[in-house]
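Some structures are shown below for you to check.
Look at the two complexes coming up: subunit A is in both, with subunit B in one and subunit C in the other.
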Partner chain A sequence: MALSKRIIKETQRLAEDAVPGISAVPHDDNLRYFDVTIDGPSQSPYEGGVFKAELFLPDDYPMTPPKIRFLTRIYHPNIDRLGRICLDVLKSNWSPALQIRTILLSIQALLGAPNPDDPLANDVAQAWKQDEQAAIATAREWTEKHAKP
Partner chain B sequence: MNLPRSKGCSLTPAGEKSLSYGRPIVRPARMVDDEAPLKSASAAHQNLRQLVRLIQCPYCSKPFTAPAHLPCGHTICRDCLPSPRPRANISYPNTPDRLLGIVCPQCGAEHAAAECCLDVTLAKSMELIRLQVAEFRASSIEDTPIRLVEILEPDDNSAAGEKDRVHHVGHDRVLYGGRLLATYTLAEMGELRCSSEVEYSSVLDAPDHYPHEYENLDISLLGSIQEAVQDEMSCRVCYNMMLEPTTTACGHTFCRRCLIRVMDHSNICPLCRRDLHMPASLQNKPSNRHLASLLDLLCPDLVTQRLAAIKLEDQPGDDALNTPLFICTLALPSMPTFLHVFEPRYRLMMRRCMGGNRKFGMIMYNRTGAPQGDLGATQFMEYGTLLEIVNLELLRDGRSFVETRGVGRFKVQDHGVLDGYIVASINSVEDISTAEEQDSEQEERTEAQRLAATFESQNPGTPLPFRVALDQLSTQQLLDFCMGFVVEMRRQSAPWLSQKIVQVYGEPPAADAALFPYWFACVLPIAEEEKYRLLQITTVRERLKIVKTWIERIQNQRQ
Partner chain C sequence: MSSPEPIPPPNDRRSSRASSNASLAVPTLDNTREPVELLVVGGPPSTPSPLALRASNSPSSNRRKSRIAKLPPDVHLLEYLSACDSNLICLICHSPFDKPVQLACEHFFCRECLDHAWDAQHDAQKTCPTCRGRVDTTREPLPVPKIIATMLDELVVKCPNTKSGCDWIEQRVNVHDHVLLYCEYTLVDCPDFDCHLYITQKDFHKGCLHYTEHQRTTCPNRSTACPHCSVELLRLELNAHVKDICPKVIVPCPGTLVGCTVAVERADLAGHAKGCSMAIMAPYFRDQQARIERSEARLEPLSRKVGILEDGLSKITNMLYPPNANDSSFPVTNPLDPNSDAFTTAPLVPTPDFRLPPASFPPVPPSHDTSQTPLTNPTPPPFDSQIHHLLTLHGSLRDEVSRIANALTDYEGRTNMMIINENQRVKDEMLHTNAAINGMRMQLHWLVSATLQQRTGSTNSTGNSTSRAGGSTDSNASGTQGTNSNLGSRSAGASATLHLPLRRLSDSTRQNTKL
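After this line comes the complex of A and B, so read on.
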């Protein structure tokens, strides 16, 4: 299936005008499939970590949102064990005017501002609410263990 | 109407000296028609006046400030709109901004104030143009005077009985920086009506300049304008130059087709998330003519390119996967199928079908996950029915009711995905020829009669085996048997043969043995999986036999 002008342009802009701390590189054999890395935001328990993710543009993109999943394990109340992300713009609040770049920025922002009240990983959210300091320490540990090159 | 006007792009070669300073005497500009056209000249360059006109508000004639796009299609500075007044006899919807009306000063149409929003794309483009002009003006050469004479539109100023319209001259100025800048400047000064033409001529005491130097000024400014607005005029959904730009009530503009696709999924604006408040088909919603003209003028190549690309997109062409598949239910040849289309992907599919040959494949879900021949365990069955759209009723919210009729059967050869729905290459499934049909009837019955004779001689008084008894019957007898059952059931007022159902599917095709099984399957309340077998059978006789086994099962159950 031919790639839309939009996907081509988005890919070009991602390469030419990269966002600091974020990369998205399409696979050679499937230009709808991207290897993504997101640097943990500074002053967050994820600081210093480089988190790998996979991003896939479904056939009716941009009418439907990209599908994205963390591959690196991460301790976060809005990300579950399978790496799935609970973020409104990836679901009901998606708009075709959003793009890969804005979505990745939103995810990076989510790392900096976990929201245990809208959890995907219930146990993590629970831990976060009960003892935030301990949860942050665990998140830092995981970052050290899984997200350091 | 034959005005001796110069609309072309030639400038009189300079060099002739003026006689006085106060009011320079000028020579009329030469008509462009008899000169070789400038090869590199774009549409915009050939029509600079039209470009400036599109930058001007048709009401106040100044370069636009905060242009508003009205539902009637007119674009006017927001400040030029009359103040809103209460609308008479309006009660629904009754939000304050809908109860106030604004009358378009161009055409007199009254619109809800809520729908007279800033045209965001045009406003930003106008601002970018203003900045480009300012930058260009700051760097442009002082000694490039040209004289601009405003030629008023004849009707604007027609004194009674006057014939000679050449004298309808408006403002007259010597300005600098090429024709484009000078014309823009004249508009900015409020000395050029939107409807007026401009006559350009050289100033006699101008320093020596070759015409192409003037032209280069125009080309340079035009180039920077084109570059500046290009991004603003591309659609935020498809990233292409807007095609048939269509502006929402919130003032955001998208390609018409992109907006329709957006509305397959939701009815909020992709940019500001406000409710779009319009029918999903965009019926009766005109495109933004002003933006469309500006696009045509500024980037004609991109517009043409886009049109060509769209043509390809809409027609899968000889790409093998050219039949869209609707995975939903069982449909049968020659029979009507009624669909309620609400899924976004199928809305798009229906639209494309309507724009093409109005045909698509209907295919059942593979509920058991059974392997489908070479296809493997696909989510759908391998046999389906090609449907033709007879009627499509589009609801305001974008859903639709579709009436179709089966036009043939097919088997899926290969399949892929297009914008969320399945597309396939198909082979049509046809009945064997009448000659073959007759041969097989003859062969089958001869053999059955032989078997029956043997069986009876060996087991006198015992009923024949089921298969032998069935194969002995002629095709006509099979049909008669089935029709007999229908007649009997109608006599007993079976609910599945009610008048209502017969109205939808028609009277039973009593004389058409090929068609009868399809009709019968449509009305008979049994599982779709059973009826599905009919799609694979390529002889009339076999289909009737299947129907006969259904009937016998029902008869046995009733006993």
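After this line comes the complex of A and C, so read on.
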């Protein structure tokens, strides 16, 4: 109960004091379910794209991390076909001192700095390691194809 | 509902501080969650509050103990009115700290938030939620500086029962006592033993209100049909409906008061009443009846008052004119002085008129008709003779007083005279005594000087003795001067004389004249 008050506060703050390039809007019928959009960071193959994601706050949030999945297809070594994200703060390194805002910023940073050494999508990571330029071109192509409004 | 485990509600501020200190002193990590603790008013609470002490001392505490149980307020749910410094916000619950603790890395958390966060970590290696630094659970968490607790205590909050109507706004440190002891809107167990719902504290004395609520809104069996008109309505309102509204109920004509015996259904009653003269007249009769009743009600205290007044009057009359009094023993002047001159004024008024036997004031019974009260009696009341009598009495009393005053002055004069006479006599006596004393002194001197003369053998002149005689006559008029001159003459030297017989003669003559 006390922690759902935190969710309300976080939601209010997200609406009032929005982070540029990131939005998270809760569903009317379920305040724990958010529609998220993340703008692709500049200087990256995802620049110009608007990536949709869904975010769900579990019952024991903030003691457990929120669940996030990309809905927009994205060519990224740490994001698989289903949109699942390999990010330490979403798993073992989660801390209750983190919040939706910081998690989304971390994801945005992940888009700007792919980490093929800790892959989730193995084929993408392979391609990234073998020919980074080609992989970036593919990523840019995917962004054009899927992430343009 | 959201969190699987209930968060232990914050205890009383003092006890919470004590408990946090205690848990800090014991370094083992306490992972077990206490069940939601109900603070029981009337039982032995962790910190004795005034109300709880009073309740626990009262004889009915056993009964109340099982009935009134309140939840202490949840600090996390409070609505803060004062702007809270962002540094006082817990990063985990995003609210101002509640019972804050500190880690070695100088990050602060609510004690409960930290415990929750560590619960989720599953392993023995606990980390700081902010910096992920390792935490030595044998030493940490540490107590926070006092100033932080004070700043938190001074935050202004609204009462958690604000939605129920409480407008209490105060510092956070007081909210626990307010909710548990003073807030009228705190929910307590319903006073009805069979009812398991809650009720606000201010309605506690009204008994269970939930049954009525249940009958109105939630009971599946709440509606019924009127047996007369078969209208659907709440069972709760059936009686009122039948009594006042239902058109099919057979009711008597409003003229029943005046004697109409017709009884028809309520719907047809209007038609009947239009034609029934008794029904038309009934309101007037009712008005009259009410007026008569009002008048009677008013009359009753009035007649009682009249009775009391008459009682008092007859008592006064009895006091003034005892029933056995006759002319001779009439107490106008008798108790003062039966033989005084003032008695002559009394016969001015015929005595039979004074005497008003109590029979002339017949006490009116309370049910007596007002037309026969003595006030409206056509026969002249005997009051004027009474007044006359009182005036006479007054005159005689005044005479008596003046007579006594005269007697007093008389006595005074007489006493004065007596005192003056007595004084005169006493003065004479004193003069006589003085003269006798002087004579005796003279003789003594004479004897002494004669003895001296005999011893010395010298002679004295007669002139000397005559001057002495003159000095002695002077001393008769004023005693002290005489003795002085005698002493002077004696000290002058040879005062003894040869003319003893002459002196004795003069002395003896003086003695004779005085005595």
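As a convention for this text, the second predicted complex is superposed on the first by the 146 of 149 C-alpha atoms of A that agree within 3 Å, B and C clash if a C-alpha of one lies under 4 Å from a C-alpha of the other, contacts with A are read in each partner's own complex, and residues count from 1 in each chain.
Please note the rule applied: a residue touches a chain if its C-beta (ideal position, glycine included) is under 8 Å from a C-beta of that chain, and two chains touch if they have at least 3 such contacts.
What you are looking at is a predicted structure, and each value in this text was computed from that prediction instead of being measured.
Enquirer: Which subunit A residues contact subunit B in one complex and subunit C in the other?
Expert: Residues common to the subunit A contacts of subunit C and of subunit B are 1, 4-6, 9-10, 59-60, 62-64, 95-97, listed in rising order.
Enquirer: Enumerate the contact residues on subunit B facing subunit A in the complex.
Expert: Touch list, subunit B to subunit A: 236-240, 258, 261-262, 264-265, 268, 270-271, 273, 309, 344-345, 416-420.
Enquirer: In the complex formed with subunit B, which residues of subunit A make contact?
Expert: Residues in contact with subunit B: 1, 4-6, 9-10, 58-60, 62-64, 95-97.
Enquirer: Please give the residue numbers of subunit A that touch subunit C in the complex, ascending.
Expert: It is residues 1-6, 9-10, 59-60, 62-64, 93, 95-97, 99 of subunit A that touch subunit C.
Enquirer: Help me check something: in the complex, which residues belonging to subunit C touch subunit A?
Expert: 1-4, 7, 74, 76-77, 91-95, 113, 116-117, 119-120, 127, 129-130, 132
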